[in-house]
Amino acid sequence: MAEPQPPTRSRFPGSGLAKGLAVTLRTMTRKTVTEQYPDVQPELPPRTRGVIGLFEENCTVCMLCARECPDWCIYIDSHKETVPAATPGGRERSRNVLDRFAIDFSLCMYCGICIEVCPFDALFWSPEFEYSETDIRDLTHERDKLREWMWTVPAPPALDPGAEEPKELAAARKTAEKLAAQQEAAVAGSAERPAVQPESAGAGAGPATPPAAGAGPGTAPPAAPDGSEPHADEQARATEGPTRPAGESKQQTDRPRREGRE
Amino acid sequence: MTLAATAGQLASGATTTAAGAHGFLSPTGVEIAFLLVGLVTFGAALVTVTTRQLVHAALWLVVTLGGLAVEYLLLTAEFIAWVQVLIYVGSVVVLLLFGLMLTRAPIGRSPDADSGNRWAALAVAVAAAAALVWVVVDAFRTTWIDLDGPAAGSTRVTGQSLFQNWVLPFEALSVLLLAALVGAIVLSRKATADAATAATGVKEATTATDVTEATEVTDSAEGRGGAADQADKGGVR
Amino acid sequence: MNDALDVTLRLLIVFVVFLALPLIVGQTEHKVMAHMQGRLGPMYAGGFHGWAQLVADGVKFAQKEDVVPTGADRRIFQLAPAVALLPYLLVLLAIPIAPGEGAVGQAIDAGVFFVLAVMGVGVLGSLMAGWASANKFSLLGGLRTAAQLLAYELPMLLAAASVAMAAGTVSLPGILDAFEWWWLPWQIVGAIVFFVAGLAELQRPPFDMPVADSEIIFGAYTEYTGLRFALFLLAEYAGIVVLCGLTTVLFLGGWHGPWGADGLGWVWTLLKTAVLAFVVIWLRVTYPRLREDQLQKLSWTLLVPLSLAQIALTGIVKVVIQ
């Protein structure tokens, strides 16, 4: 029963063998660590990357997600509609209407770049992971299905104690304080300097961001704080120049790009 | 294969003679079984020496030796029968197969398995068989085994006769085997010692033995690789 | 007529035991190994803790296609599983589980030699399978099987001979009749040598070099599918049962136990066999596979000298107590 080479210096030959036996026997008497998955759902950590949900009301067909996707697995079709001028004599405005939004999860590598890059919080991670199919084509989730996943998106987890304040809140507070200071100044100056007003209106776009970001708190909570950093900047820029996506929307299907890829 | 041939001839000769010597009318069931098993053993022995497939020959040898064990059993020599199975089927044939696989064991016929001097081999086999049959018949001419009485070949009886009446031949055989054993060890040690000195030059005695062990291991590993190549060729063919 | 009925009944019982006990050992292995690795093992088949897993496996095996490779030696390839399995059935016939004539399939005069001889024949099946598969992994597996058998047959035989010397008989019931409790410490070295050598002969881990999956896939059984493969697996587990039963009978006193001598002998035999089977599984879970040279070294430099020393000790004690 003794081994040719005792692994460690031990008093008795074969004590290492006995130790090995003791380890397995002890393990046998302990509780197992097996996940009873199909019977018991796993407890997934927050921010689990299961599937991507689409909140299509927020989507402006800016194509950033499709463009940034490393796997080219997001397909977007859209067309332009002109909106009649709001005021008589005003300019007609065009806006993009989403026709198709699909993610091919057989290609997706769950990097999450589309969600990071979305300026309007239209994409969210959902922890759902049980969507295997017997046909690979069924793994291309169309708009309706992506919308269904949206209802499974959980509320963002609470911040860690002592963590930095979310960027949105910080920006909003800063603007509000600025505004309050200006109003005080205005009250103090009492219409001495009307030229301040346009400036404050420009800065006032800041407070407008939280409602835009929180467009879905009733239905679905806003994106996780880690996704908020680029999103706040982007949104601020978007409000400054609202025509930018429209100006870029000459080609809003992905077909030319797919041809280029081939 | 001459060994197998001799063994087969030996077996067949012994069994057929025993069956033929008792050729009375109204044979008992044991006698019929003995005859049938003897025929099977004889047939297997013939196939062993005539088949062109090496491994088949070894496996037919298993049948031959097993049949012989059954004959022993029918003669109530239980101990001898099991020792026959243990030594010949369990060890000798396994060693034979091991050697075959290690060197050359193609699947299918091997054309060089046929020997040119088959008639000489046949003559030797027949002569050996005749001599053995003559000796056996002459020695046990009037001896009859009472199959109904107490077992004549039980372990106790065999042991008693072996260590009371036949102890000198037994010991002589033991010494012979011991000599063979020592000879094998001496031969192998000499060969490996030469190899070790040739390979490593002057070294400490302890390290030299280590080296010999190592070379032995690599040798055997190469042997297996070669066997695998052989098998591959056999498979292709 | 009564004799014929008796014989039929015995054969039937042995056959049922032959089919049932290996399955029980296999299922125990599933569960014990799983729990020793912090897992649960099979949980679904049959409902309660996967008790019917091996039955389900058997059904699966029976459904599979029986493939014979093109280059294989067809007849030997197909014959090999039977050669591997049948010897264990025969051995089971000779193992007594309780005192008296009624508790053994067939009382054999030279029982020890019978069981060892027939167990050695079982290895021939692996050799045939290894050669006939026309696969170099199979051939290597067969070679390793043969080398292992040659190395471990000797210590096993010597250890068994020691007990036979102690008892003064080679009949298995005879050995048990002569058994005294103090044989246990007296023959303990022989018992360990016998058990270890038996494990090696069965190619159980840690001596599973001939079927080392990381090197030669599954050794001699690489090309087998379906029912024939299942027969090889059954042979392995039947081998465990036989080895544990033999060790029980030869070294652990079989039906002898501290309590319940009358009528409960078979319980003791089964209990000891079960404990040994657990040890077999335990060793498998605990130890890594021995390398080929370690394997040979263990046999020739440790087990053979130990068994020879045991024989010497047995002889001395035997002479002294007479």
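Should a chain be cited, it is by its letter among A, B and C, assigned in written order, with residues numbered from 1 in that chain.
Quick note on the criterion: contacts are C-beta pairs under 8 Å (C-beta built on N, C-alpha and C of every residue); 3 or more make two chains touch, one makes a residue touch a chain.
Fair warning: this is a prediction, and the values are worked out from it, not measured in the lab.
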* Hey, how would you classify the chain contact layout here, line, ring, star, complete or other? -> line
* By count of C-beta pairs in contact, what is the leading chain pair? -> B-C
* Structure fact -> Chain-centre distance (mean CA atoms) for subunit A and subunit B, in whole Å, is 79
* Return the distance between the CA-based centres of subunit B and subunit C, expressed in whole Å. => 26
* **Distance between chain centroids, defined by C-alpha means - subunit A, subunit C (Å)** => 61
* Residues of subunit A whose C-beta touches two or more other chains -> none
* Asked: Considering the complex alone, what residue numbers of subunit C touch subunit A?
  -> 32, 34-40, 192, 196, 282-283, 285-287, 294, 297-298, 302
* To do: Sort out for me which residues of subunit C touch subunit B in the complex.
  => 71-73, 76, 108-110, 113-114, 116-118, 120-121, 123-124, 127-128, 130-132, 134-136, 139-140, 142-143, 146-147, 149-150, 153, 157, 169-171, 293
* **Sites on subunit A touched by subunit C in the complex** => 1-4, 17, 20-21, 23-25, 27-28, 30, 32-34, 36
* To do: Using the touch rule from the top, collect the residues of subunit B that touch subunit C in their complex.
  => 53, 55-56, 59, 62, 78-79, 82-83, 85-86, 89-91, 93-95, 97-98, 101-102, 105, 107-108, 151, 154-155, 217, 224, 227-229, 231-232, 234-236
